[in-house]
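Some structures to go through are shown next.
Look for chain A in each of the two complexes below; its partner is chain B in the first and chain C in the second.
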Partner chain A sequence: MMPSSGISGHAAHAATSGPARLKTSVIDRFSEPIAAYLFVLPGAALLTILFILPVIAIFVIATTNWTFGSANLSFVGMRNFREVFADSVFRISFLNTIVYVLIVVPGTIGLGLLIALLIEARQSLRGFYRAIHFLPFMATLAATAVAWEMLLHPTMGLVNQAFSALGLPTANWLRDEKTVLPVLAFIGIWQNLGFAMVLFLAGLKAIPIDLYQAADIDGADGWFDRLSAVTLPMLAPVSMFVVVVVAIRAFEVFDTIAILTQGGPGRASEVLLYTLYRESFEYLRTGYGAAVTVVFLGIIVTLTLAQVGVMEKRVHYA
Partner chain B sequence: MAGLSISGVSKGFGSVRVLKEISLEIEDGEFLTILGPSGCGKSTLLKILAGLETQDSGSIFLGKRQLDGLRPKHRDVAMVFQSYALYPHMTVAGNIALPLRMRRLKTWQRLPLLGALLPGTAAIRKAIAAEVSRVAAALGIDRLLDRKPAQLSGGQRQRVAVGRAMVREPAVFLMDEPLSNLDAKLRVQMRAEIKELHRRLGTTFIYVTHDQTEAMTLSDRVVVMADGEILQVARPQDIYADPCDLRVAEFVGSPKINIIEGRMHRDGLIDVAGLRLPVDVTAAAGARILIGVRPEALGLAEPGSNDVISGRVRLIEHMGSDVFVHVEMPGASGLFVVRLPLERTSGIQLGELLELGLRPGQLLFFDADGRRIRTSSSVTRIERRAFG
Partner chain C sequence: MRIGHPFHPSAIGRHAALLITGALTLSPFIWMISLSAKSRDEMFDPGFFLLPKQWHAWENYSEALTAAPLLRFLLNGTIVCSSILALQLLICVPMAYALAKLRFRGRNALFGAVLFGLLLPHQVLALPIFILCHKLNILNTYAALILPFIVSPFGIFLFRQFFRTIPDDILHAARLDGLSEFSIVWRIGVPMSVPAMVAFSIFSVVAHWNDLFWPSIVIKTTQLMPPSLGVAAFRGIESGNDYGPLMAGTVIVVLPLLVAFGLAQRWFIEGLTSAALK
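Showing the complex of A and B:
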């Protein structure tokens, strides 16, 4: 952005300066772009050091057999990638991640929207409900994960005690292959709900009241008709944004897995980022880990591009 | 089809009383404009008529049918919003069709895909599409039916909003400042189109505006509101020439009416700006009288005449055929604006002392509270006040 705005600013300036100002305009012609690049420099440097160079490094390392701490390495071409796609652990990890995302995203969007609509419909205590639903998003995940561990404890945990008091089946939630992923996804929903809710609330506030009034007069005055004629279509742009951000956050799930299950039992809660971490920093197979990272990066970039594409084409009204 | 009758409608928001005991009879097929400054309660009144707000007291009848408590969709009224309030995700055709879809199709018939397969749906949808294209053709937007509102110009959006109101064939059209988002040129054009639409449909139109030109040009009758009250209901020409309240006189007319302060000398005589006006006015001696002088109610004084007030010229504005001369006048609030024909102003200089002749029949008198004091016979003779 910055270099181009610097240049356009220069053009506007040159257009206004007459022959009398020739001398200054010659100086400006050189000094303005230089100033613009100087302004851009700190941001560009940070971006390069912290983002662009590491990404390039990842791509390079992914083609080597480097192990962390080792003094020598050799290039192995695409071998790491072939290994990644042939590896059963990676496949399980990939599928688990997809399942996790497929539970977390619709759950977060649905519940977030529902809570936002309920809060918006109520006059009183709005601030209170907003705050308590937003808290999990603000809280340190490592700390809340420990709290969840207590709650889900097979014998002392409040969840099992409550379930047995109500006559519902209990389980060893985090140690059972069948329940572990849904339970982790539930925690993921709980954690992202506030974020989705706040964005939906902002979206709801931005809907002009005129539209609801027009809908009333046109006869779309039931809750379902108002929702389908005004609320949901008007929330489409913000929904698209929430879907993509929550999806990316769900793909990035790591802390709860690392603290609560370490990918277990067996490989039942192994997810992409945890695999990546284990390969790179526990088994020190840095080259292989880098290949997993490249695949992971591919997924995230695809998601983001899809968002931009859909946003531009379909849900952008004005 | 029937007239609309509003009686004793009041509305408050918290401690603010927005509407105070509004009563109004609107005839069938009338074009009625509610004119007033922003915050006078005119839009609230319109929303109460539409059913979007509920009045605290009072009632509204459309013919013999009481509208109070009815939901907006059951009132047989349509509304055009200032912002147009078009559904941005729907095409023009979708926007215009929505009121009919909501009325004629059941919930399950409106469902996408599935709805189309249900018996009867296709025929109803076809009928709706036919009416939409008829309305669109009448408004000249039939080639825009597949566009979204974001792809339309202001004037086109305005037409779509009118089309969405028209398609239901309502008994009453409510319009809330529909032209205020358009540029000046388009506003004049759309004004003419709305007038033409009213003539063609013959339906009752209630039109809210703060623009006096719209009120004067469009209406059969104008309601002037201020501070939640109706000040006057009259034909446009009477609102201008025969205002019943100082606020009406000040709100209507451009440039604004000149107000000059006078004192009752005794019954039948008012002292103002060095003149003693014989007027048919009865009030306590010494009472404050406000005299309204329209800019065209003054002319350059004929030589030798004595019904003359004079002031210094401070500003001269050329408006083409007319010239507005702003004169500093003792006793007047602000500069006095005089409208003179161009050919009579050639010699006038800034700072010059200008002598102006009053046109006695055109003066308006108000008491200290701003109420009009009517005079049966207007000023007959003006004499120079004897000083000392």
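Showing the complex of A and C:
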């Protein structure tokens, strides 16, 4: 990098004393790299300090027994990872996260698709319906989680009041080991629903009208025929993409756990990101926390690469 | 075929279904506002009434505002989010322009680094950046909330895509008119990519206004808390039985973004989903 910018700097300097016509063309050719390096320098430096070096650091820290604030540090190889996988808390946390994702992803996709289809079916009030279903996605989850806590309150909560009025069983939803994870997953679906809906709406808009006309000529003119012959097959690539994006968001669940349950009761709602947070920043078991972080990174990167793969496929379809 | 009549059964069915799902979706917001106007006794009365029999809103809201520095939380959020956004634009826009339109050695490697950055969720970087903030002695300051986010791989990527669509002829003409590359970025590039700028700005502000993970790692002083962490701390104090002020507090924290959303709905939806379509 250095030699090329040095040479062009010299040339640009020489050019300023040349004739006007030459000046513009020479500057055009040689000042470009100087400007480019000036433009990218702050960003490139910060990208290195805030992204590249920290990722390397996390792998290095994961192989040490460091606890934050301690002066002693020695390399322990893969011991943290063996400890992570042998740790019952981590196993519970990992399994809880998987269960959470397995509820949130199909729930969000199913409801998001249903609402998108209903909205797209006719013209009237489209914008209104889209807006109210999108609201939870952009509202501050830390605050809406507290509202959910009130809805789920064992005595005064609307949920138990409605359930007992309908003769359904009531519960102390967030304090019961059996209900806490499904209820948190329900809040997760509520929050991500509008996001999936908007992505499906974009997918629906992209389906060419002539496909419906062709299906009509072929005799597929009922609502269900159109849905199964045209809409759903054409949405398949978008759906794959929405699955991955929602799965990533579900793996990153943190706010509702941190505010409502702190992983409890017992370990019933302990999830990966909350374990990572506690080990790294509350217990200050830095080396161990870094190992959990590496596992978490592995999951997210795998999903993101899957997303890129799906996107490429979608390009081929189009 | 589709029947356009507004009173056709399928039209009514659609409205009925969407009004039910819509009401369920809005129920936490409605419950929040309803409780924020009720007295403690009335909350525990059996039976469900949306409106309070006796309005207690003034007491709840004024108690919320004295029990926790809620307006300070909003001010902190405003300072932090606007600083992050300003610095992100200042750093990412020129870099994206260089990646899109200028030839220089190392361009592909640098773009590769941006794509690599896009892969990484910020929670993964939290531990090393926490240590960095500790070394810089900025833990528990605004700087700790702002500095880790001032370069955004997503912003660079998005702006680069937009800048690439600007015809080279326009840039050549601008250079012939004597504009420096610096002026070209800010006086031609930016005005020609307004949709990307707006989408990114909304994405950035909403993401950082709502973030709870990073603030709960670096901020311990109540006076410095952004809205999300502030409301979490307020819930901790008010976890007794006095839910009225707590609900009033959550309404105050949620309101600014909801009002902004009401004013610029389409931009919000575009901005927040653009991140998924990277």
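The definition used in the following text is that the second predicted complex is superposed on the first by the 262 of 318 C-alpha atoms of A that agree within 3 Å, B and C clash if a C-alpha of one lies under 4 Å from a C-alpha of the other, contacts with A are read in each partner's own complex, and residues count from 1 in each chain.
In this text, a residue touches a chain if its C-beta (ideal position, glycine included) is under 8 Å from a C-beta of that chain, and two chains touch if they have at least 3 such contacts.
Source: prediction; values computed, not measured.
Considered on the superposed chain A, chain B and chain C are sterically compatible, since they fit side by side. Of the two partner chains, chain C is the only one touched by A:Y37; chain B is not. After overlaying the two complexes on the shared chain, residue contacts for A:D216 are found with chain B and with chain C alike. In the superposed pair of complexes, A:P208 makes contact with chain B only, with no contact to chain C.
Chain A has more of its residues touched by C than by the other of chain B and chain C. By the touch criterion defined above, A:F81 reaches neither chain B nor chain C. In the overlay built on the shared chain, the residue A:V230 is in contact with chain B alone; chain C does not reach it.
Residue contacts after overlaying the shared chain place A:F51 against chain C, while chain B stays out of touching range.
No C-alpha atom of chain B lies closer than 8 Å to any C-alpha atom of chain C in the overlay. Under the contact criterion defined above, the residues of chain A that touch both chain B in one complex and chain C in the other are 216, 221.
Residue ranges of chain C in contact with chain A, taken from their complex: 1-2, 4, 6, 10-11, 14-15, 17-18, 21-22, 25-29, 31-32, 35, 43-44, 46-48, 91-92, 94-95, 97-99, 102-107, 110, 113-114, 116-121, 123-132, 148, 150-151, 153, 156, 172, 175-176, 178, 180-182, 185, 206, 209-210, 212-213, 216-217, 227-229, 231-232, 235, 243, 246-247, 250, 253-254, 257-258, 261, 265, 268-269, 272-273, 276. The residues of chain A lying in touch with chain B in their complex are 208, 210-211, 213-214, 216-222, 224-225, 229-230, 233-234, 236, 317-318. Chain B makes touch with chain A in their complex at residues 47, 50-52, 71-73, 77-79, 81-83, 85-90, 98-99, 102-103, 107, 148-150, 164. Those residues of chain A that touch chain C in the shared complex are 1, 4, 24, 27-28, 31-33, 35-40, 42-44, 46-55, 57-58, 61, 68, 111, 115, 118-119, 121-122, 124-125, 127, 129-144, 146-151, 155-156, 158, 161-162, 190, 193-195, 198-199, 202, 216, 221, 223, 245, 248, 252, 254-255, 258-259, 273, 276-277, 280-281, 286, 289-290, 293, 296-297, 300-301, 304-305.
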